[in-house]
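Common to both upcoming complexes is subunit A, partnered first by subunit B, then by subunit C.
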Partner chain A sequence: MSAYKPLGGRILTAPFIFFAVIFLISLYFMAQRFIFGMGAASNLNGGFAWGIWVVYDVVIGTAFACGGYALAFTVYVFNKGQYHPLVRPAILASLLGYAMGGFGAFFDMGRWWQFYEIFLPWNWNFNSVMLEVGLCVSAYILVLALEFAPVYLEKIGAKGLLKTLNKLLFFFIALGMLLPTMHQSSLGSLLIVMGQKVHPLWQSWQFQPLLALLSALIMGFSIVIFEASFSTVGFRRASETSLLAGLGKIILGLLISFLLVRTVLLVVQGNLDQLFAGDRATLLYLIETVLFLIPVFILASPVNRNDGGKLLIAAVSMLLGGALYRFDAFLFTLNPGVGYSYFPSVPEIMVTLGVVSFEIMAYLVLVKTLPVLHREEHA
Partner chain B sequence: MKRRDFLKAAAAGAALCSAGAAQARPNLQPPEHAVGMLFDSTLCIGCKACVAKCKEVNHMPPVIEGDKTTWDSARGLSGKTLNVIKVYKNGTAEVKDAKVNGFCFEKRSCMHCVDPGCVSVCPVTAMRRSPLTGIVTHHPEVCIGCRNCMVGCPYDVPQFEYNKTFGQIQKCQMCNQAGLERVDKGQLTGCAEVCPTGATLFGPRKALLAEAKRRMALKPGEIYNYPRGNVSKPYSHHEKAVPVYQSHIWGEKEAGGTNVMHISAVPFDKLGMPPLGERSPASIAEGVQHTLYNYMALPAIALAGLTYVVRRNTDDDNDGGEL
Partner chain C sequence: MAEKEFDFSEVEKRLGVSRRTFLKFCTGVAASLGLPTSAAMAMAKAVADPKRRPPVIWLHGQECTGPTEALLRSEQPSLAHLILDLISLDYHQTLDAGAGHQVEAVKKKSMRENAGKYLLVIEGAIPVKDKGIYCKIAGETMLDLTREAAEHAAAIVAYGSCSSWGGVQSATPNPTGAQGAPQVLKGKPVVTIPGCPPNPANFVGTVLFFVTYGKLPPLDEKMRPQWAYGRLIHENCYRRPHFDAGRFANEFGDEGHRKGYCLYKLGCKGPETYNNCPSLEYNNIGGGVWPVGVGHPCFGCSEGGVGFTKPLFSLADLKTLTPPNTFPKIQDRQKTGGLSAGAAALAGAAVGVAVGASAVTVKKLGDKNSSGSGDQQD
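And then the complex of A and B:
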């Protein structure tokens, strides 16, 4: 008998209907974009060619979806089998998050009807960071689907197929760790060629991939804590705090590395003076740093690590910090030159909210109908 | 417990990454026979003949502002405008080419970078730099519209047609795109052909750079015989007193240099040019990419290591590889 079972219960709950309404509204604006062009639905312009559809849906959304990636390292590389109960929900959230990122990328493509051109090898430009991101994210969505497939096969009772897949799964798990390492670091590398448009406090040149990867791991572990805490409260399940406490130590190491690299680069790359400019960029940098320091102080104490509430505060702080780090670099402090400004339009915001709503609805339905969550007596 | 081995591998990977930082490639160099343009802001009278000719040659509609239908009112580059003349005004704006209380004109069009960011970032090779002329062309038939070229251009030159259902990227291709090929046919670019003062000069990059340096060396107030059309074989000249040039040829070195170069009497930051260094950001990005992904060696090693560790750890476990 499987150690997992569907949560059961009603599908059409009040939260579900709320998200469904937002999603339905967003369909109107999605249609607008496809019928009248991107300009009809967005405030994108010649200087700000990437708005929230790229920066939130893809760059930040996929970092939020790094739970499966972070947890796979813990369970399969550091061999911490006790975290196994968290893996399935994390893989599901990652699959949905990356699917949203993939949809966001497609939706934002100015020439979506020729999207397949990126999959044709004779078109490939191996100098392009975007090529790596595009192919690698696509491959990872397939890998996540395969990693999640056993859950579905278990449900429909396809025992033969399940057995074959389980025999090969070790390879896909390994691939599922390699691919996010590649494209999450590349999301940082996208900033390099943007050169002087990127504010000096965020333009770390060769170190962009390292900082992006560290922030992705931090956000990945945070989302595992966040989701586990949420299902404890939302679905009235037993607390998994004791499990989560151990993750705290790993996160602490990542946080300190991230802060250390950034601070050293600030000095080495000669941008310390930017910290005293006293402008909006300084403020945003300081807010980010505080958001990363709060969890350092919380997680440094073993008592706090075993306190579910404090863990949740740390997780939320890191998620906000990581999201802000990416928003700041790609949008908030981006300077494409005189005459250009950007604030997302209502349709842009509604489309993003609609896609997020769809993701949440799918998560709710799937944990209720498929064996995703661990049986409580084992947890 | 393979944790130590894993950490060793991770450290080796990190060491390779940092070594790669030092291996970044140098800036690309202009092709031997690169062509380009020289825009001398002090010669530009703001007649916008180049804007009109550009639209005619590239079959683009004028931008109309209100009821001013007499001329093209384009204020910036867009999907309908590949070349535009902008005005600099300061204070009373009385004196031509004066930084204070003066005015001058500045051309905006593709700079045709020697080491172009747009070409480097394009995943599907829809932006191409001619190995012969250095001209950067766009090929919409493979473009997916990711707009990384727009983001990767320091001058915000590539423009997407946001207001069309099926839009595309538009940019100046120095009148040498397939079907037009003015440069290949030995003609001038549209803008250089019609420029009445020779503010926009066409020609080989080397000759243009030499001409720009010659002008820098002139004494202000001297009479100089300014060429029109092609710097190598001008169709005519006109005499004019030499202004007080900034001793700065924009595009000689900026971000690896450009084939379209500008000279001016007003500092370039006042004319809206971005604060670029000499290193091309594309060279740094490609250095990082090629270090990490050279022959896919690092990913292959990492995948082999991860597969081994996962296999081992799932074998030990009663759970098997089951998720």
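And then the complex of A and C:
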């Protein structure tokens, strides 16, 4: 008997219908992009070649989808088995998040019908950071699908296949840790490649991969808390706060290292003066820092860690901070040269909202029909 | 300051160049080597002092004598004079006045008398197939002659691509098994000055350094002097701004080619060839005399594994950035961006919904917390 079971219940709930409406509207704009092209649908230009389709859907979206990575690390590398009940929903969210990132990238590809070229080894350009990210993310989507496959196989009762897969799963779990480590740090390398276009407050050069990885892990753990909290309230399940409190401790360590590394780098690389420039970049940097400091103060006290509400405040604060960190570096303070500016167009925002809505709808349907969530214990 | 002014009148007479021209040349060489002006003076003194002239044995293997020809045709002030005066050239098949067994005997004698002191210069590849019978001088194979001369040499310099890594002879299918001197003389340090033909300035600079300081200049892992081969041609090329801006010649004679754009797409191997051609050009003739200067892509003559190996017009492997196919136009910058009211409202609404939903959840979780864990069955 599996320890997991489908949630059951109605599919067509009010939130589901809300997201479905957004998704249906977005279909119109998606069609617009694919029929009339990127120029017609987006505000992208020669200076800002990457808009929200890359920065939100891929760069931030995959960090939001790092829940599976962060938990797999905790459970399988540090052998903290007690967190196992959180793994399946986290893997599902990661799968959906990464699939969304991969799908989102299509909107941003000028000649998307040539995407398969990236998989042909004789085309590979080994100097390209994007090649690493592209291949790695594609591979990770496959790995996540395999990691999630037991859930589906349990449902349809394919016992033989399930047994074989379970024997091989350790290999894919290992890959599932290696691949995000590689491409999440490469997302930092993208900023190195952008060089002086990146504002000095965000351009830490060779430390970009480290900061990218740390922020991805912070966001990954936060999203686990975020999802679990919403599941508790939305599906009226038992509170998982006691489990999440443990994660809070890990996050606290990550947060402090992130803030410490960033501050030390600011001093060592001689960019401290930028903090006193008093411009928009300074303000954004300070907002980010505050968003990262709020969870430090919340999580430092064990009482707060065991309070579900406070834990969620901390998680949301970190998610906003992490998202802002990436938005700031890639978009808000990017300086591609005189005369360029960018704000996403309505079709761009609608496409992104549509993709996110679809992701949430898929999550809602899958947890209700597949054994994803842990069977509640009866005390 | 108090030092007595060095007397260059002897040099003036010997070389037939004015003191001013001579010092200018030494300063130029020192500058190429990245050395201070004081080094130029030291070099000038070393050249002027006839007692310090090292004996040189110069061997020719499989080659076209390009390196020697290049050296002799140099337009630098009496460079041939200078180099011949700077050293005591005891044996050189192209330049020796004598011939036959007599000259071979002189070589053997010089090598015996100057054992451990002479400079060995090797020009041309060394065939090793069938015990090296494909290149013989005075009945002995080049292979044996090279090993014999290397035995007691103070320093060994491979001059030209052939002796540095095999050159054109070693191109597939390499019927004679031609190899460079470093491959034949394994275990012995062989300074290489590759190029087809090599720039004489790179040779003279290295030899002057050796004569002046009694040691070799800093070398890279292929034993090339770093001052000459430390940078890719691509790094110092004066067509580089065109590369970075995406302006390429796509065909010989097209508009880009006529305007002097980057030759990367015509197969220029500058991005993978280490040499100082862009800064020194060739033989001080000036006027852009070197392949890229006259509109032909670099073919990597000095780089083993590139020159005579890769097809002439195939794209080079870039060690740094690969250029995109197109670059943004400068003139359409002013039209970019544009924040519409609808977009701002939409973005605000999306963030608002996310934060609002979180706030409601926080409140509900808080209620749950305060009511204890009794409602688990709900």
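Criterion: the second predicted complex is superposed on the first by the 377 of 379 C-alpha atoms of A that agree within 3 Å, B and C clash if a C-alpha of one lies under 4 Å from a C-alpha of the other, contacts with A are read in each partner's own complex, and residues count from 1 in each chain.
Convention: a contact is a pair of C-beta atoms (placed from the backbone, for glycine too) under 8 Å apart; a residue touches a chain by one contact, two chains touch by 3 or more.
The structure presented is a predicted model; accordingly, all values stated were derived computationally and were not measured.
Partners subunit B and subunit C, once the complexes are superposed on subunit A, run into each other and clash. Once the two complexes are laid over each other on the shared chain, residue contacts for A:35 go to subunit B alone; subunit C is not touched. Contacts of A:84 after superposition on the shared chain: subunit B is touched, whereas subunit C is not.
When both complexes are overlaid on chain A, the residue A:308 reaches subunit C alone and has no touch with subunit B. By the touch criterion defined above, A:340 lies against subunit B and subunit C together after alignment on the C-alpha atoms of chain A. Of the two partner chains, both subunit B and subunit C are touched by A:46. Using the contact criterion defined above for the overlaid structures, shared-chain residue A:235 touches neither subunit B nor subunit C, since it reaches no partner.
Of the two partner chains placed by the overlay, subunit B and subunit C both lie in contact with A:125.
In the overlay built on the shared chain, the residue A:297 is in contact with neither subunit B nor subunit C. For the contact definition in use here, the residues of subunit A common to its subunit B contact set and its subunit C contact set are 45-47, 49, 125, 127-128, 337-340. Against subunit C, in their complex, subunit A makes its touches with residues 43, 45-49, 125, 127-128, 226, 229-230, 232-234, 236, 238-239, 241, 307-309, 311-313, 316, 337-346, 348-350, 353, 376, 378-379.
Residues 318, 320-322, 327-329, 332-340, 342-344, 346-347, 350, 355, 357-358, 360-366, 368-369, 373, 376, 378 of subunit C are the ones that touch subunit A when the two sit in their complex. Against subunit B, in their complex, subunit A makes its touches with residues 34-40, 42, 44-47, 49-50, 75-79, 81, 84, 87-88, 91, 105, 108-115, 117-118, 120, 123-132, 134, 147-148, 150-151, 166-171, 173-175, 177-178, 181-182, 185, 189-190, 192-197, 205-210, 336-340. The part of subunit B that touches subunit A in the complex is made up of residues 1-3, 6, 17, 20-21, 24, 76-78, 117, 119-125, 140-148, 150-152, 154-156, 159-169, 255, 272, 274-277, 281-282, 284-290, 292-293, 299, 302-303, 306-307, 309-311, 313-314, 316-317, 319-323.
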